[in-house]
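What follows is a set of structures for review.
Both complexes below contain subunit A, partnered by subunit B and then by subunit C.
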Partner chain A sequence: MNLLQEIWQSIVRRDSLSTDKGKSELVFLNVWLHIHPAKVKKENMKFRHSFYLGFITFFLFLILITTGIALMCYYRPYPPQAYQDMKDLQFVVFMGPFLRNMHRWAAHGMVVCVFLHMCRVFYTGSYKKPRQFNWVIGVFLLLLTLGLSFTGYLLPWDQLAYWAITVGTNIGSYAPLIGGQVRELLLGGHSVGEAALLRFYVLHVAVLPSLVILLTIVHFWRVRKDGGLSRPVWKLKPERETLVTIGAPAEAAPLTVKASTTKTYGLMEVVTGKPIFETVSAEEEEDTVFSFPYAFVREAVTLMATVTTIMVMSLFLNAPLEELANPAKTPNPAKAPWYFLGLQELVSHSALLGGVVAPALMVLALIAIPYIDRNPSRRPRDRKWVLWLFTIFVVANLVLIVIGTFFRGPGWALVPPWVHVVGGAE
Partner chain B sequence: MNRRTFFKLSWGTVGLAALVSAIGVSLAAVVRFLMPSVFYEPPQAFKIGTPGDFAFGAPQFLVEEKIYVFHDRDKGFSVASAVCTHLGCTVAHFQSDEKFHCPCHGSVFAADGSVQHGPAPRALDWFEVTLARDGQLRVDKNKVVPPTYRLMV
Partner chain C sequence: MERRLQQLFFALSILALVLIVAAAWQANTPSWKTYQHNFLQLEAQGEPNAVAKAAVLATPPEIHQVMLTGLQRVDRCTTCHLGVEDPTMKDAPEPFRYHANLGSHIPSKFGCTICHGGQGLATDKEAAHGKVAFWPNPLLSNDYIRASCGRCHKEGDVPGVPELTEGRRLFESQGCRGCHKLNGVGGSIGPDLTAEGANHRAPEWLEQHFLTPNAVSAGSAMPNFHFTREQARALTYYMLSLTSEEMGSYYSSVRVIPGPEYGRKLFEEKNCITCHNVGGVGAKTGPDLMGVTTRHSLEWLDEQLVNPELVYPGSSMPAYDLEPNARKALVAYLNSATPADIQLLLAHKNHPLTPEDVGIEAGKADFARFGCAGCHGTELQGGVPNPNAQGGEVPSLLHLSDDYTKDEVIAVIRNGRAPPLDNTAGPTPPLYMPSWKKVLSDEDINRLADFLWSKQEKKKESW
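Entry: the complex of A and B
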């Protein structure tokens, strides 16, 4: 019995979790948990502040990595074997369809959740000082997520995949000057073929996931360094007027912060030049609880709910697999993946304006948001204009996607979804 | 500026220049590495068979090559690209209206390949077709010709 206890102690090396010391040590002494603070603000963990969308996105990414590695065991990235392997996964491999479904639905889910997460961060004004740059990192994570979906889309090498990528990469070639070369570089050829499949595979399983992991680490680190999540909007207090100056390390500017009657400032606050919590008062101290179990239980439940949802979906909904890619025959209509259908809709009006200029401006505008919006207030009633603008942006995107998905028939003609087109143009 | 700062600055500049050029050269090398030196793709110039293989009237669609071969009784041969100039989908030639229709975003090209409708930015390409020594028709996709180009055999 003593030996068992000793072994356990040698692993965890902390006091019992019934003590506050043990709860703190659990976080401090564990390499995986110490991205959390030992204590968190209860109110910031409220579901209706963040909807846990960042966590859900991250957990979906974990599902994608595990199921993706499993799929790699049966997938050969060259035509036409790639398609044969998908058929095998569909009909021969034990649990093949289930794993493939999980990978597919988690991928769609990640696109949805990363977008919703961005909306949440915007609507709560959480991109404001000091979090401006974490928003920028977030925009890159959004782009990488789309890149992962796009490269993954080609891998089944069926008609859907082939034509979506043909159309998609041709959009890029409209970029002035370098467009054509960039496309050639991406495809490793002049059209979507063997070389393109291999390159998309390399991007999909090695390059892009590594970049997502790197940026996610930075993203989380900064969330932590900015004092955890932003304060829920309903908890914001009127700004305090008096400023105090604390600590002036050699050569550095002294740190000036809003006065607080109850708080003492720690060394890390002097080093970083900012208070760890946005505003701390006695009342807020009371609002603070240990990460164990409060934060960990919430995260675990979110993880379980995410995995369960994807599993249940994968039991009942099958990922599509069409005929083998046929470069000679374009399906009618040929549609890009749904999250690019807004783009395709724009492209159907003008390839240069809709396919290159509009998306480039959109990304630049997203990146610039925290630096354009200089209003320090996070209260909705102080930000009416920007909230409206962002809502228009979101709704415009959704409308375009809905039109592209449901209202476009053969020959990209406007056809309402309730009209059935018999024998489209061949 | 004394001797010491002068050396510090010059070494610093040299070092920085070395670093920047090393990164620049490496990046250029990576881009060149990714640009294939050989394309294992179908050749751009190829033979498609003898004139007798092509009936008059409706054009023949060659799947691999993505071209339409027209054989007119009076005017002879002409070859049109089947690749839509918008985003590269394969256009379909309708016998009913003698036009090319693109399934992807609805571009329509007239019989001479010019854009009639839709987002396509320019007309379909026409390729040079010649008679090779062995009596076969030879198409060269590198040589774009005006839509009036004909080969009389």
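Entry: the complex of A and C
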């Protein structure tokens, strides 16, 4: 019995979780959990503040890595075999359809959630000082997510995949000077073929996931260093300067400094036993709880809710698989993946404006947001027109995607989804 | 709240477990396992004692598949159709019934889908029978299944499938190539038919299209050829057999089925009788072929057809470029050829051919082969409707010499021509004369003109 306890203690190396010291040590001494603060502010963890969209996105990414590695065991990135492997997954691999469905739905979910997460961060003004650069990293993570989804889209090698990538890469080639070369580099040729499939596979399973993991580490680290999740706008303190006294009690002259209004951690002293005195206001102290179990149980529920939602979808909805890719048979209309249909819609009006200028400006504007918006206030009433501007941007994107997805028929003609077009596939 | 969340976490964890179990259960109970179980019960009925019955029933379920690299497919049909090769199952209910009359087409060498269509990789009924979205090749109904013979047997007669031979004959004689490309040769007014059989068209659609083109494809430029039902069926068979699939060498070696009928056709086509005779009937330049198959071994005869010089140095017999099965067919015919039959063959060639006639004959062959007959008629009578062209139809070629010189006609064949309009404000007529200079050599075009001139009716006497 003693031995068992000793072994357990040698693994966890912390006090009992019934003590505050134990709760702090659980976070502080654990490599996987130490990205959390030992204590969190209750209000910051409110669901209605963040909707846990960042967590959900991360958990979807974990599902994608797990199912993706399993799928790699059944997949050969070579044209006719790739499609046959899809059929094998569908018909003979044990739980193959479930596996593929989970991967597909989690992928779409991740695109959606990463976008919603960005909207939440914008609306709560959480990209403001000192978090400006973390927003920029977030924009790159959004682009990488789209890249992952886009490269994965080709892998089944069916008509849907083939033509979506053909159309998608054509949009890219409208960029002046470099567009054609970039497309050729990406495809390993002038059209989507064997080389393109291999390159997309390498990007999809090695290059892009590594980049996402690297940037995610930086993204989380910075959130943590900037004091965890941002303060909900309804808890923002009025702008005032408070003076606090810091210093060890034994020392003669305690230091009086301006109180930090952003710092929401600082309880290392509990763990290290070496107090760095900072007087915490009574209100703040009341507002703070240990991450264990307060934050962890919320994250665990979010994880399980995400996993079960994807599982339920995968049980009842099958990922699409069309006919074997046929370069000689163009579907009409040939559509890019849904998240690029807004772009395709723009391209149908003007190749240069819609395919190059608009997306380039969009990405640049997103990156530049924290540096353009220099208004320090995060309160909605102080940033009305900025919120309106962003809302228009989001709605315009959604409307374009909806038009491209549901209202475009053969020849990219405007056809409402309830009208059935005869011979549309010819 | 905290307690609630913990409960929620456990509830969701249990739900996740249940969902995994549900997915595993779903994966573990495919319909093919039920079929295999039913089949085992059927088999067990025939066993004499309980031990043997139990042994049969204990067979573990497994997917059966035939890997057909030569046909570029994997067929899993026998996962459910378990009795295909078991003659005791000849009265069993489907899907277990024995497949009679397979002959040499054993499933382990041919699989099922090359003839039947459907989705060989699939293991549930709907998907395997191909009656699902995004599978271009559903099961062929029994009415049309024999069309699949033409996928491998691309030339000559296929025993039991006269429709294929007839379809091919109609295709080449009615001038279909005038508008349609097939394996790279033909016009471009209509769609390319090289892979028409892989085009997801229902056989019924094709058949109706041959009977009344406009009924199934509104505004089609294809003229109504007034085919009979049998002819439409024959053409449908031919279309279904055109899938442009690459077949492994084993399968393409049987393009031609060696048989005396095909041998007789070759004997006539290659004009063997201009040198040889059979029992004294025919020419005397070459040796009598009566009983030649008993005088020489099959190998000797085969070599003689491949390279006569090698067998008889200085032989004046030309080397014919015949594929192995065509040579076998010729030998098979020689084995049964009688002087009486040769007499019949000669009756067709009742006048000796002059060099001029040879040119005209070649022109006639080109006229059919390149599809001129499709619009201008097999008898040059014209008459195919062509709305808003002058006269409303494709012109007859029987009175060309009234209005044109031979050189003018050659120029029209070379360069093509849009028909003069009836009403200049009206729509463009669907049919036009294509330019042939890239398809036909000048020699071919001259021979065509020779053929046309040989058919000109005498100018009506004027007074």
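In the analysis below, the second predicted complex is superposed on the first by the 384 of 426 C-alpha atoms of A that agree within 3 Å, B and C clash if a C-alpha of one lies under 4 Å from a C-alpha of the other, contacts with A are read in each partner's own complex, and residues count from 1 in each chain.
Going forward, contacts are C-beta pairs under 8 Å (C-beta built on N, C-alpha and C of every residue); 3 or more make two chains touch, one makes a residue touch a chain.
Being a predicted model, the structure only gives us computed values, none of them experimental.
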Partner chain(s) touched by A:A413 [first = subunit B, second = subunit C, both, neither]: first
First, second, both or neither for A:V301, with subunit B first and subunit C second: second
Partner chain(s) touched by A:D158 [first = subunit B, second = subunit C, both, neither]: second
Touching partner for A:V347 - first (subunit B), second (subunit C), both, neither: first
First, second, both or neither for A:P327, with subunit B first and subunit C second: first
Touching partner for A:V92 - first (subunit B), second (subunit C), both, neither: second
Footprint overlap on subunit A, comparing subunit B with subunit C: none
Touching residues on subunit A, where the partner in the complex is subunit C: 80, 84, 87-88, 90-92, 94-98, 158-159, 293-294, 297-298, 300-301, 304-305, 307-308, 311-312, 314-315, 321-323
Subunit A-facing residues of subunit C, complex: 2, 5-6, 8-9, 12-13, 15-16, 19-20, 22-24, 26-28, 63, 72, 74, 76, 119, 121-124, 127, 134-136
Of subunit B, residues touching subunit A in the complex: 31, 34-36, 39-41, 61, 63-64, 66, 86-90, 92, 94, 101-106, 118-119, 121
Contact footprint of subunit B on subunit A as seen in their complex: 163, 166-167, 170-171, 184-185, 188-191, 193-195, 327-334, 344, 347-352, 410-413, 425-426
